[in-house]
């Protein structure tokens, strides 16, 4: 038992709040971006990618966010609609904000980097007044992402969404997704990550992200079990800690832990691995799968996306995921 | 029983974090400030006043704050030292910030107003890195005040102090002290007030301040009992709700409520009533007094301060307070 | 001949644009401000002081500025009216700005310092849209002061006022009045001081202020004559360079120079010396006096003001100035 | 005679100060940007384009500017070097600024628009301290562009460059290039445009740009001749006023005017027309050509660039320009 509950009577399976932006992926790969001449445009942003992945797998999804009043913003809305994601809570900024951009550089599968445009972006202007209690209580689960906590008023909007979710027993997933830009200091980052994590049911992040949350509080050298127990003393029932190449470990409040393996992949770039993992993991948990099976499907989905050019548009359908699982073998997973 | 615990082994009784500023009180009263020509300088700021009051009553006190590197800042430090308040955690801003000012206008005892200077003030520049876990765990109780939540990095410093206080069983008092200036929006205010209040043991505020905290969450028309119960579901054991002229009501987690009365006073101005109430109330609670007696002493202290020219310098000593109680009669208090 | 022309047909003699603020002068002098307990409130700001001085001497004056919508702002307006200064061009900020403050510390006549409050002040919010071409062309002379150039939109308002003044042959006096606070960098300061000075007929400043204007342009080690010639190549006809205790030297475009002496004074503080000098100097020049006589009267006025507690309220009337000149002897002046 | 002088002893022909940025031009044209999926990257920015054009025509050129410390910035530097433009005065921002972006939308030759990213851009962080007097005095001519005046510290850097250019008889070209974004108000824009234009020898802009400069000063309904005369009373010797489809008119201080015609073109987009005009116009003037011939070559260069995909990379070499002039006929030009 993973301890997470999902109310079957709710019309929406998963909604997310946070970043909607544009990826501009280098078409000429295997070289520094200085030598790249053309780029292809995709919808991006971690929570957007996760919801797109979830929608591809057949879930009823929605997004709470804010887009710029320009061509990039309208491209994002259209793409959400084409993927069957409810966009009724995606508002339009009227103050001249722009759409966040992420230019990707793909020197090799191991050397990928991102050049971000995050000044005056529309997604961080989502305000608390735009959070609908009615909408949140119609959903089984809410996904939040750390980047939406980076600035006001988006930060307050997320805290209000968390409050409404707790009030109405909406299960909360927190994908830590820590990105240093837009945050002013390590202390600011840690404070709001911790305040948010206290209210979440399932927390997913890398070991480094959990360390960042613990350092300010003089919690040093915590192992995964101590980290998980810290959150079990608040609301969490499930904590996933990623260790890069060594795979991920999940802890449940009943003291069990599960290790995920990896699937072989023809890697083009590493971007999107975490988002595709999260979408398939959440999908399977909500279908009633066990933690081990959810992790296996997360790993499979990640393998598919890292072999493709985009993060969002590369998300597999349920058929694609099933086909992949039939023809590929996971290495090194299991309950412990 | 009020449910609050104070560890007798701790060397400090009460420490506060937050605003240290200057009051400039009109010497020529009974007229608009346009016609005032001279002002007298006092140390001010709600948490500063409360700690000064507590020190006058004989408590071992300390302050965590930040002062400007100028004559006003040095005046504040000297005044704290003269009152026996530990200033080892009062740091000095080196970025050119100024000391917050409050010019008071006293048209009549009923018509008092304040002209605030709160731009680029040193007290709001207290940072999380300046919060000492060691210092907090040496104290029986911590007092926080809402104004310190109004801006970064002071806001994060307070949240970190709250975390250390919880970790070490330091009892937390929250004097809401809501002041609209320096806050950007009603939503921002409500979010951080609520996040802080969740972690506090005793919350003191006016009915209007509690309403401000509830409106954003669509909690409308809450009565005092519902408000108190909301906080009892978090960490609070004692909630004091002030109703202006009608007195205050305290709720304890065991379902009891107490109403405080008032003492007749020769009112000069209304400023400082809440701070003097809080200092005598906290002092008596920490001496082991019951809630009713603590409230009675709070009311008496308030009556003394509103008959004097300043807020801080007017705080009574224990002898003055006892003498006042011997010769004055409270009206309209009692448990219900 | 000083080369300055004043159109006798204009109804206003002298108008100023710029800073209107409040001085809070220590009542207990001869000590550090930390030990000062009371302060007296006066109208302040260099151009305000100069116009008040000019009004006291009998000139028809006006002010173009912006005040806060509070008790301090209303005090300033009333004081201008009481001194017969036209306040029709003094607008009221509606955005919550405050009135600039200057707390003065008078340790001894030689050790005076100022603690400034210049964040978010109303005077720097004067905007170009509030500059009336009609008003400017009704005046014989316009006075500007460097502090009004420190920030937008006040900076643009001054440049527009200069343009209207040039267009309508209004003689322009520039009192450099450089104050480091509110300026972002030495380069920013120098650029706008120079752009403004190019358009002025008479420039008054200290040797240090002229150096500040020349350093960025790699003009180093300029003597007073080179400095004056630099401005004569633009619009200036008269340049006054102050050398502190050694007195001031005026240069006229026809190659003459005049040295001003000093009058003995019972010095209370040094604040206000420059402003009182400027008001009597300008008054006498506009009455048709020669440069030497104007300088003599400037020095006399300065001696009067530095022996009194305020800067603005201390400005002498014409009778007071005449009486002082009859009973006091200047030392060390003359044409060279 | 156009009145402009160029010192033949100077090693550099033309240097520019201002914007260096990136154009991302839609590859799929003839549609809204929402439907564009890929973009091609070019160096952009009006002064960059003009200098690239001048370099292609064989001039010795240089650039004073600032680039971001990222792949986009390094791409710009390499491109300048490849075109033989001296980049010794192109500094690198170390504060985390980004490269300005211009996404172009090409719906049809007549419906082109730009989506700008101008928040926190490196080019506007060029500071006065980075302007070398030595470098400027080595050049025959300096080109400035209005966008560099939009914010501090770039604004001050331009004013300092203007001062050095005047001091050393470097002929100054001002391409008004007004773009509303990044400016705070119409008044701010007009003030700094006018202050800069006063110091320039040749001013090139559209009728609307000149109107913008005149409105604040209550100069309404000026015709081209009045506009030109306004600038001839300052430093200008040559003023070019563009009237869109009706062609351009040049005025010289000796009272002559010249009308430029147009060349037929196979128009892909309208971007880059002004920049290519300016580069060929300046090139020919500096070669000793008359105003009419310089305008004819400007028009020819514009016709070449608007038929190509980029602005910068499309600039013709001298051979291409000569070949175009041999095979195409101008319509409707001449002195009047």
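Just so it is clear, A, B, C and D label the chains in written order, and each chain counts residues from 1 on its own.
Keep this in mind: a residue touches a chain if its C-beta (ideal position, glycine included) is under 8 Å from a C-beta of that chain, and two chains touch if they have at least 3 such contacts.
Listed by chain with UniProt protein names: A, B, C, D = 5-dehydro-2-deoxygluconokinase.
Everything quoted here is computed from the prediction, not taken from an experiment.
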(request) Count the smallest number of chain-to-chain hops linking chain B with chain D, moving only between touching chains. (result) 2
(request) Among all other chains, pick the one whose mean CA position is farthest from the mean CA position of chain A. (result) C
(request) Find the geometric centre of each of chain B and chain C from their Cα atoms only, then give the gap between the two centres in Å, rounded to an integer. (result) 45
(message) Suppose each chain is reduced to the average of its Cα coordinates; what separation in Å results between chain A and chain B?
(response) 41
(request) For chain B, jot down the residues that touch at least 2 other chains. (result) none
(request) Provide the full list of chain pairs in touch. (result) A-B, A-D, B-C, C-D
(request) Going by the contact rule at the top, pick out the chain D residues touching chain A in the complex. (result) 24, 27, 32-34, 36-41, 70-72, 74-75, 78, 98, 101, 103, 105, 115, 117, 119-120
(request) Could you please specify the touching residues of chain B with respect to chain A in the complex? (result) 127-129, 133, 152-153, 156, 159-160, 163-164, 167, 184-185, 187-188, 190-192, 194-195, 216-218
